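The chains carry the letters A, B, C and D, assigned in the order they are written, with residues numbered from 1 in each.
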Amino acid sequence: MRFTLALKNILKSKGRSLTTLLLSLFTTTLFIVYVAFMDGSHHQIIKSSVEIYTGYAHVNLKGYRDESDYGNLIEDASSIDEILRNDTSIKTYAPRFETYALLSGDEKSVGSMIVGIIPSKEEKLSKLASSLSKGEYLNDNDTNAIYIGIKLAERLKITIGSQIAMVGSSIDYSIAADIFTVKGIFKTGLFDFDAQSAFVNKSYLDSVILSDNKATYFTVDFQNNDHINKVTSALQAKLPSQYEAVGWDSLLSSLVQAMLVDSIFGYISISIFFLVIFFVVMIFSYVNIYTRTREIGLLRALGLTSKDIFIILFIEILLLATVAVSIGAIIGGVIAHHYELQPIVIDGIAEMYKDYGLVSDEVPMHFDLFTITWNALTIFILNLLAIVYPALKINKLTATEAMRYV
Amino acid sequence: MKYLFFLLLFSLTLDANEAQNIIKKLEKNLRGDYMYGTMKMIVTSKRGQRTVKIESWSKGNDKSFIKILYPKKDKGITFLKLDTQMWQYIPKIERTIKIPSSMMLQSWMGSDFTNDDMVKESSFEEDYHTKLLSKRGNFATLELIPKEDAAVVWGKIIIDVDIKNAAPLKETFYDDRMKKVRILTFSKIEKHGSHTIPMIMELKPLDANKKKNSTKVIYEKIDFDTHIDASYFTKHALKRYSR
Amino acid sequence: MKLNHITKTFYPDSPKEVKALTDINLTFNKGEFTTLSGESGSGKTTLLNIIGGLDSATSGQIFLDDEEISAYSEKKMAKLRLQEIGFIFQAYNLIHVLTVRENIGFIMKLLKFEDKEIESRILELASILQIENILEKLPGEISGGQQQRVAVARAVASRPKLILADEPTANLDSKNSERLMDMLRTLNEKEHVTVIFASHDKYVLEQSKRIIVLDDGVVIEDR
Amino acid sequence: MYKIAKHLAWLSLWRRKSRSIMVILMIALSLSGLLAIQGLYDGMITHMINTTIRSDSGEISLYTKEYRLHKSLAYKLSPVSKIEEKLSKIKEIISHSVRLQQEGLIATAHKSLGANIKGISLEKERDFGNFDTFITQGDYSFGKHKKEALIGATLAKKLHLDIGSRVVFTAQDADAEINAISFRISGIFKTGNPALDEYTVFVSMEKISTFLNLKESATQIALRIQNTEQIKQVQKKLQTMLPELEILRWDELYPLLIQMQEMMQIFNLASYMIVFIVAALGIFGVMLVSVLERLREFSIMLAIGTPYKMVRNQILLEATFLGLIGFMVGALLGWIILLYMSTWGVDLRSFEAGLETFGLNAILIADIQYYYFVQAFFAVFFATLLSVIWPLRILKKIKAIQVIQGKML
């Protein structure tokens, strides 16, 4: 009976129901889109930082994080290679060999990081190839070609075609030295990275520093990088015990914390939005209920208890909120999904955030069912809560008072 | 009583002087006007062991020339140190490279010595206050505290000395919290011409992550008494004497 | 007050066209106590509204003291209503946030009467209408009969020339109706206000000095 | 008549007490929240800008044109006294600091790291930007014989240094000779500027000049300018006086700060807009219903000759009262929160690493600016106006007579 009455109330007063419906729908959509946008821009920043060079996860010898020297190398890279090749959760991966050496041009010498990479694989794993600013990127057959950061090139006062000498140490600590020709210059926008790194074909570097079948670490890109802890621990289980798989959140922990701080501010703002939305929903509920005072008075006069009235009102909002929030969530989800695939382009944002390593003007939204679900549920609960006060308030009136209410 | 006090004071200054004298003698013995030698350096680390053979020429404290003889890959690489500056020549790339200050404290050839160790004229006499801790017959233990202005990283150095031969036996290096950082031990003291020196020297770092490391230097030939041509201590020498 | 050839047509030139009033010619003299009577839909309320300037006639003129008010602008009309006409409606015609006292004085305040004068007028009317003891109450706290009496007090407070009352007794029981009419009558006699009712209440008709009967928008009796 | 409208509006407001209180609470709470965030954000940015200016850039810094790229002593400012003499002619410059910097290596018995050594005068830095307030441990002093140094907190942590620890700094001097010099740490500073905290050691100007074998030289001269408005003008003046130098404003040296400030402002504006559009919806709901349910009353008022203007004023005033009270309560609440946050700060120590990425301290101190409240006032005001447009249109459209006859209800 109470249910039919509630349903009839909704259907009969279409205007009123529609307002409530639209309000909840609008707020749900707004909220979902806002969160998707916030998460999206964080993902974008992280993605940029991760994808410039670091990668989503590393596989390295335990201890390498603390002491990144020749004492902690992956000695048998092909065995790790095989494990990674057979792991279906991994999209691409590649070994790297990072070492520090002295690079010297005609006038100046600078200590720098030299990395042996497999150029074709690295093209898919990092932004190295696309950050090309002058000359050419490396290829797998290159020998003593070097690909260096733009600031490093400035510091060494060299350009494309210049020769630079590298003096470092081989992994047996004998002196490794060679002459490289600058093939390409890159610019990622990360100052330190551009000022201190140079890349050469790994197969050639291996011959110079005797690092054949050795790597400092493997960088890994999973099919799905969203739940990095889960996939890295799954990978960890497949690795021999002396190795470890480390996710980007540990590799770039200060960035993660920075995003967390930003999120906290974001959520403070969101909680203010919530507050306003809650009040607006409450006000509308209140007004809705109060315009029905006489009708409610009549129901009371006819013998319904205040509890009955409360339940009727509750069923009404429950039905309306369910419909509104579901539709809102679907619309919000569709928008988030759409803008995830076709990101919003804000011209100049990459330039602005280049120090943070943002390399794209695209700001995608982030579509995540879990986030959308909890967002929608929050608005739903907010809707239910918003009716409590008005319903209690109106139930304080006696039937006759209610009927006489103007 | 007054006399006793005077005596005590006197003996203290005497001690200081004595310590100073020991160090002076030590340094004089270890560094002649000229020195030529060949040596083997055995570096032990987590990754195993490796041997480097070196030929070296030096004049006084601040000029030295080093050439690598072994392993084959590094043969012919030469180093020149003049005062505080250091150059390196690598035959493979036919280049002379000045080692910049930022590389100075890196490990030298994978050993536990740093480039800085090779370069710095760490004169015990000039940089440290010396104090005699104990003396028993021919053996003395000295404590070296760096002078306030001295650019040294150590908090103190304790040296065990064979006084008769004016040769060190053991040097223990402390950081400025007086925690042991590394130990240098000397053995096989031999007389070569006018100098009596330890032919084996072993360095052991004590930092937790370097537990397995050690570097052993063994002199094979040593000569303090032959004049060395000044041409060794020029930048031209790097390439010229590389072969 | 004179009405010349007043005609009112709803939805003109459409299939739903309704002629509410046809060619009404009437004259009301000062101090009259008149009732417009007739069945529901006979046009009496429409006529009353036109007299009060709440509605405009499709054609014809209205003169008040030889001035044609039917040509007045909306604004001028509102001013006229405020100054010259008092209204009493069926029910709920008080401003419910104001007390009875403030409701009665409302129009006088708008007309910028002096506070002292407003106060004495309120007391005077309150005593006539027997509402002295409810002056501080809000409209929601008093009975329907009392509310109507307050409405009457408000309508006459500023001494308008004309009082228009649309079914003032419709929501009242007979006892309250009687009292309301008595009081209006008293005011009519005491203050010489012109009063025009639109009503088919027997009691109202009994009390009226002049009765105009309308049927289908035409005056069929004037006595 | 306005007075009556005001009276009516006020009474109507309190007749529907719960409703009005809800609207006022809504405005007040969201407003105070917005004010708090704005203050916090502003405080954050101002703090960053302030410490950067105080600890490094000043309002304007002078370099030689090549120095910033090569960081080499070959591109030094010299002689300093000549430049200082020229600076003294510009009265807008209230203080300046002469600094001499060189890159090198800092070493302990255990470890060595790349670092910058910077020669300063403690007294001048104190005048310049109260550098002494950045000291977190130890003293703001170079010791009796100027043999002590101040070191950045992050660098000290990496090298496990305490007060009194000894470090050796190795660097090339002006003649490309490598020299080493030792210092004891007298103080540890934390500016929030990573370039200083992570890489810099401050020592006395005399000491470093001798060490680098230089006289009357500097790599940077930073200036403090009295008024913000004078910065550009002083920059121009300097450019003509010292055409061979690079003369840069703080915002040119640290463009990221300005960009962050702009981003924050956009964010604040967006927040205000979202919140107050939603809030306007709330006020609108209340106003619409309050007009609708009183249509009859308004009609009667119009019928008895009340001018439309007065009825409109009454509704406008009702909304204005709601907005105004909401604003006042919100502003007061926001002010109290801001006052608290600007006095005691907000402790975000658990996110220290993240904040340091932004160059911030873990305790954020909020800013209070007069314009927040003006901005907030206008936000509320527009939301209020926005919310009554529709109800007023309804009122305008009604024919009193129809309502009285019950045709519209």
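We take it that a contact is a pair of C-beta atoms (placed from the backbone, for glycine too) under 8 Å apart; a residue touches a chain by one contact, two chains touch by 3 or more.
Keep in mind it's a predicted model, so treat the numbers as computed, not measured.
Enquirer: Removing chain A only, and moving nothing else, give me the connected sets of chains.
Expert: one piece
Enquirer: Find the most central chain, measuring centrality by the gap between its CA centroid and the centroid of all protein CA atoms shown.
Expert: D
Enquirer: Using CA atom averages as chain centres, what separation in Å is found between chain B and chain D?
Expert: Each chain's C-alpha centroid was found; their separation is 55 Å.
Enquirer: Using mean C-alpha positions as chain centres, tell me how far chain A is from chain C in Å, no decimals.
Expert: Distance between chain centres, rounded to whole Å: 72 Å.
Enquirer: Averaged over CA atoms, how far is the centre of chain A from the centre of chain D? Could you give it in whole Å?
Expert: So the centroids are 27 Å from each other.
Enquirer: Among all residues of chain A, which ones touch two or more of the remaining chains?
Expert: In chain A, 406 touch at least two other chains.
Enquirer: If a residue has to touch 2 or more other chains to count, which residues of chain C qualify?
Expert: 92, 96
Enquirer: Which residue numbers or ranges of chain B touch two or more of the other chains?
Expert: Chain B, residues with two or more chain partners: 100, 102.
Enquirer: Could you please specify the touching residues of chain D with respect to chain C in the complex?
Expert: Residues 1, 4, 8, 11-12, 15, 296-297, 300-308, 310, 399-401, 404-405 of chain D touch chain C in their complex.
Enquirer: Taking the complex as given, what residues does chain C use to touch chain D?
Expert: Those residues of chain C that touch chain D are 45, 49, 52, 54-55, 75, 78-83, 85-87, 89, 92-93, 95-98, 106-107, 109-110, 154-155, 166.
Enquirer: What residues on chain B touch chain D, complex-wise?
Expert: Residue positions touching the partner: 83-85, 100-102, 104-105, 114, 116, 119-120, 146, 148-155, 173-177, 181, 207.
Enquirer: Spell out the residues on chain B that touch chain A in their complex, using ranges where they run on.
Expert: Result: residues 43, 45-47, 50, 52, 68, 71, 73-74, 77, 88, 90, 92-93, 95, 97-100, 102-103, 106-107, 109-111, 209 of chain B touch chain A.
Enquirer: Would you mind writing out the residues of chain A in touch with chain D in their complex?
Expert: Listed in rising order, the residues of chain A that touch chain D are 19, 23, 27, 30, 34, 154-155, 253-261, 264-265, 268-269, 271-273, 275-277, 279-280, 282-284, 286-287, 290-291, 352-353, 355, 393, 406.
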